[in-house]
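Report on one structure; see the data block that follows.
Chain nomenclature is as follows: A, B and C, assigned in order of appearance, with residue numbering initiated at 1 for each chain independently.
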């Protein structure tokens, strides 16, 4: 502190040695951030483009959003996406709450590592493999119920995403409050309702939002599992993309992008920063332990 | 009667659901890979190895098997692109992770959020963004034409470079986050001790940081490699289907080619490669844990 | 003072109520829970308790051959360095840990295997563990709700207890809106509200600054006097232990070293560890004083006097340093067997290197087995 003051007084800043200061790394990181975000910004900007050449800017317009809103097929696909997303979120969050409690409060037990490995399996297996094995599974048992197939498939891969923030939250709370409640004559069920559950709420909110986003974003698994009547929005958009780059694709893509990003941000804000990190890098915990 | 602990009931739904709808399908697919293809989709009897034979040989008109390297080339190309993606992500991701660790807690939070946010955005749409930028009438070609540097658009899209770009773009967060997680746990006093003992930046990196970050690097490597190997969208949208990769090949078996056993067999191949990578990583992170101790 | 009278009269009724709860929840039938005058029975008896963490044959032995009796209305302290097993013992009395062997008796009943909620014992946790989503009043009411008290009774008891800890005006605050000292009081109120027979305090003052800690020491003594509840305190701070306790147990490496009143322990340390841990002590090998070589002699620095070289002295040495501390001076004297510290009243300006004799009265010596 005093060195900085003196440095300024001398008209020349003295930079004390600090290993945290690495010249060039900040610039490099800024470039990478541009690399990550410029394409997204390009999409959103061009979705407001007035003409139909898509990447030649001629003026601001909401025309293509209106077109999208009037497209019955898109509306139906969006409806399917929301139904599947909500159902899968509810199922996976309930399952994830129980599982997080089991892992964090169940004590150690034989096969804990295997159980964790199995629950994290959807994170490690490549999507294409999950997609075709699920397709084969439903076909082999003759299970063809449209939206229900999608809900089941989505629930499976949403479980780990819902569980990680809840688990992180439970770990952050610690067992101290529950011990105190036990000391104050609480039985396990009332302790859960009065103490553990209310304290878990931020984790549950973050987990359920992330599960919903994961479901909403999924393309490949839905693409393989969905049938004629149960096309989700990303699958429909993919079909549009295959036909060519059009302003409608831009508009609907921009909508999906903004919804996903906004929901993920909300989830980050709800859960504490460390837990958000855990949620985002959830796969880290799954594979480094 | 055996009294089951509550933990059993708590884990039962998760373990049960993922076992029935995640693990069993893998086993069924393994069985399918040994069955005969039904040209109308699905499978038929009798059991056969033909799906695996098909990866290496083609059946000639007279029924004799002829060695055919096409699928091997696809596998090699997929492997090569996945490895290249992993290496590029590491080269780019490590400095970013290091920079984030060096920031104040508040800036770390912001930067981490920025790095992880794209992960939650639809891969389909993130990939599509690059079409807007790279295609013939796209942003880059349009800009260069406007400057008068080029007359005809550069072929930026529909090649291996575009696929690679898309893969790195999609999976970079998977590399940054685990490396960041291990760097964050690094005791800053180790770094200060190394500087105190006359290390320069490169020596510090080579002798202290890199060895201690190995578990995170191993985790990031698997997290990028596994999905990159099975990638479908990036080669499909950015490669334009010209550069066939194993992910697209699998997809084709269930859509246009209708050869489910072959698709199942290819999936088993990808799963096997991922398992090998996981085993490698778990050995690496154990070695890293020992180095830390 | 009025509410104190009400408090006193309600205590017995509460105990009966508590007893009935314990009776309905206990895993085995309870014969006697309501206290009856019995001069031979202690409130808490810890009998031959051993605790091994992990593998029973070669796991970590946290507690060994522990025998303690705690009386009613007593302020009892478990004192020892960190890792000595004092918190484990406290958690055992609360019911969070179970002894590997031995018994924990509460009013004669072995409770060693009973869960915490069946014991009329409440705890003030080290970091208070106040429920962050509940208000002060809700925190204090929690135990009473769990005991299925009626609403008006709960309200009355919460008011009474908050008045007792002087927090009446903070009922609607959340714990995060309170200072450390106030949180401490809420934790006390929460644990006292069900009027337990024993209040357990796990390093309750360690999170407070020095001034507040002194204040809370008086406060805890007052609460104990006014409620007549037995307090069992765990601390590593010997000053705190000496100042507050009726009796204390000094623990080290999982064993009890000595039990006694603060005076007994200070004046008659049972062994080398106690002499060294409680206050300051010079531990002089017996051989240096012409005694049996297998003993050490403990002498408190404040009992050591300086003698001029020509006067008779127990030990002779050379002044190493003299540190003026205000009310007295700390002398370090190098003697043939090592170093001896002496606290001399007032200023004693002796230059390092000065030869001095060291003397002390015979009753200042304690002979300890090495």
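Note that in this section a contact is a pair of C-beta atoms (placed from the backbone, for glycine too) under 8 Å apart; a residue touches a chain by one contact, two chains touch by 3 or more.
Please read these numbers as outputs of a predicted model, since none were measured by experiment.
Which chain is in the middle, if each chain's centre is the mean of its C-alpha atoms?
Central by C-alpha mean position: chain A.
Please identify the chain with the largest separation between its CA centroid and the CA centroid of chain B.
C
Please compute the C-alpha centroid of chain A, do the same for chain B, then give the distance between them in whole Å.
18
Round to the nearest whole Å and give the separation of the Cα centres of chain B and chain C.
58
Just how far, in Å, is the C-alpha centre of chain C from the one of chain A?
Inter-chain centre distance comes to 50 Å.
Quick check: in the complex, which residue numbers of chain B touch chain A?
The contact residues of chain B facing chain A are 5-7, 9-15, 17-19, 21-26, 28-29, 32, 41-42, 92, 95-96, 98-100, 102-103, 109, 111-126, 128-133, 135, 137-139, 142, 169, 172-174, 177-178, 180-182, 188, 191-192, 195, 201, 204, 215-216, 219, 222-223, 226-227, 229-233, 237, 247, 250-251, 253-254, 260, 263-264, 267, 270-271, 274, 278, 281, 285.
In their shared complex, at which residues does chain A touch chain C?
Its residues touching chain C are 176-177, 179-187, 190, 194-195, 198-199.
Can you check the complex and tell me which residues of chain C touch chain A?
Against chain A, the touching part of chain C is residues 21, 25, 94-96, 115-117, 121-123, 125, 127, 129-133, 142-143, 146-147, 190-191, 194.
Once bound in the complex, which stretches of chain A touch chain B?
Chain A reaches chain B through residues 17, 19-22, 25-26, 28-29, 32-33, 35-37, 39-40, 42-43, 46, 53-56, 94-96, 98-99, 101-103, 105-107, 109, 115, 118-119, 121-122, 124-130, 132-137, 139-140, 152-153, 155-156, 159, 163, 210, 213-214, 216-217, 219-220, 224, 234, 237-238, 241, 245, 249-250, 253, 256-257, 260-261, 263-265, 268, 273, 276-277, 280-281, 283-284, 287-288.
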